[in-house]
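Per-chain numbering from 1; labels A, B, C and D assigned in written order.
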Amino acid sequence: MKVPRAIELAALKPVLPVFLSYVLSFIYLGIYWNNHHHLFQAAKQVSGSILWANLHLLFWLSLFPFTTAWMGENHLAATPTAIYGFVLLMAAIAYYILQRAIIANEGRKSLLALAIGKDWKGKLSPALYLTAIPLAFVSSWIASGVYVFVALLWLIPDPRIARALEKREQ
Amino acid sequence: MKVPRAIELAALKPVLPVFLSYVLSFIYLGIYWNNHHHLFQAAKQVSGSILWANLHLLFWLSLFPFTTAWMGENHLAATPTAIYGFVLLMAAIAYYILQRAIIANEGRKSLLALAIGKDWKGKLSPALYLTAIPLAFVSSWIASGVYVFVALLWLIPDPRIARALEKREQ
Amino acid sequence: MKVPRAIELAALKPVLPVFLSYVLSFIYLGIYWNNHHHLFQAAKQVSGSILWANLHLLFWLSLFPFTTAWMGENHLAATPTAIYGFVLLMAAIAYYILQRAIIANEGRKSLLALAIGKDWKGKLSPALYLTAIPLAFVSSWIASGVYVFVALLWLIPDPRIARALEKREQ
Amino acid sequence: MKVPRAIELAALKPVLPVFLSYVLSFIYLGIYWNNHHHLFQAAKQVSGSILWANLHLLFWLSLFPFTTAWMGENHLAATPTAIYGFVLLMAAIAYYILQRAIIANEGRKSLLALAIGKDWKGKLSPALYLTAIPLAFVSSWIASGVYVFVALLWLIPDPRIARALEKREQ
């Protein structure tokens, strides 16, 4: 967010789409942070492939500020909105790969594997992003709506892992 | 702070309000950091809602650099000064929610609940910010004075929790 | 990466070399992070000289954003590409010094010393960078190709240390 | 450091004073980091006043990028060079206060108090900065020379604390 030159409240109006994009990206990073926290809490070992899967996720997350600013500063124009969705898609795929790498290490009968189970949210999200990306060229408001909807789906930290961890402690 | 082009001491004069805003925001972030440190030291468990309350606080704190620069670069103009107060208010509310979430988790008879007690500072601060925000349009110096006063109120890390923690160790 | 003003996909085209440089630098930082992680995991003690060797490495890594942007924004022009290689070279030498400092502390018969062994990768990489730097003035594509090749050599976290650590745990 | 537009090696020439200032500031931050590390390793307890003394030090260190850029971009002009020294002075005083706060907490007969002893370096450095600041208006090269000299004095992490810690382990 660039600091506006003017000093009236109206000066904040052009900053509004940047602000809303910032809020959405902040929520997404919060979702990843919280779920990531739960994921590594449940992991007993960290292998080389897990470290790389983690860096791969970090790479896509590190592009969020760029795509957020591009989308926000252009008031949700079609291409920046589609690119924003593409980076969300890649981050979701990277998270999925990281989860697989950790499960592969922990074993198929591990607490984590059972806790994650069918992982419908992890499978639905990339499908929704894939739908939203072309929709951005029809209406960037629909595409953004899908991004907000997926964020809402995930807002609650994964109760499956939290629940399984509580059971273990008993 | 933008690096000034000129090389005389006078070149630092326009940087002065930016510098003073920076000092105030640094002190506020220091207050949050220290109290946050004491709060989490006293917490035995971290739940999903605590993680989200924490991210909510982080969100408002992450806006400090933007509002600090806007207020400082415009020499405490009315609107930026009011917005600065608004973000202070939201951060104070977010801290209050975080505290409630931790107490809810620890139990009403927990060490932390007793240590925080009536929490008059936590209740007075938002009231003072709420008063300062409209006052910014009368005189931004009065509003800033209130912000400085609230900072001074909090400058000492919460002795209630520190004292209670010491008792526990005995 | 500067946020482009335009909103078509074509607007991303001038960003492409910056993006590719960013990817390469991200991979390099990832390699250093992972190997660094393994190195300090295997170290039992941290001495003053290790702290300084570590800061020396950090210094060269801290120049990556500058050299990456200079190379990327100038579409791999000769001098920026050579300078990029020079910083890669210095980081590789700094890593080598850090490794030596840790081995000196752990002892020549330590697990780490045995795990690292002849360290052909650690010796080949500086030699390759030294070759690539003058080649940048012939063709910056060849030089960049060498940088990519060295990155690929290291992509897998050092199996020697990982293997030795596993043995210790048995 | 701003990425230069030009692509010849000559383009780096105006960046040189910025680079040298950056190197000096990096070394200073390294010195503070290492000594800070040793200081907190030797401290058994952290009190509220220590947290605040620590934030006070952090405040002055956080101004380094600003003063470094101002001095470097103006090729060591008198005022920026004096201001750079002033921030160095304040950081040195802040470090001294932090050290006092930790010793007050640990006790006058503690390992740390004995290890630090007369602390001639901690007393000589502020005196040297105080001399260098007015000298910047005579010759900024002499002033910078003093800053480099003080850095060299501290380059070795405090052997007093390291030695005392080793003794404790025996």
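Assume contacts are C-beta pairs under 8 Å (C-beta built on N, C-alpha and C of every residue); 3 or more make two chains touch, one makes a residue touch a chain.
Every value quoted in this text rests on a predicted model; they were computed, and no experiment measured them.
J.: What chain lies farthest away from chain A once each centre is taken as the mean of the Cα atoms?
T.: Measuring from the centre of chain A, the most distant chain centre belongs to D.
J.: Is it true that over half of the residue numbers where chain C touches chain D are used by both copies, so same, or is it different?
T.: At the contact between chain C and chain D, which are copies of one sequence, the residues are largely different (under half shared).
J.: Rounded to a whole Å, what is the gap between the Cα centroids of chain A and chain D?
T.: Chain A and chain D have C-alpha centres separated by 40 Å.
J.: Using mean CA coordinates as chain centres, what's the gap between chain A and chain C in Å?
T.: Roughly 28 Å separates the two chain centres.
J.: Spell out, as numbers or ranges, the residues of chain B touching 2 or more other chains.
T.: There are none in chain B.
J.: Once you draw an edge for every pair of touching chains, what topology comes out, line, ring, star, complete or other?
T.: Ring.
J.: Which of the residues in chain A end up touching chain C in this complex?
T.: 47-48, 51-52, 55, 59, 62, 66, 69-70, 73-74, 77-80, 83
J.: With touch defined as at the start, can you tell me which chain C residues reach chain A in the complex?
T.: 1, 3-4, 7-9, 11-12, 23, 26, 30, 33-34, 37, 155-157, 159, 162
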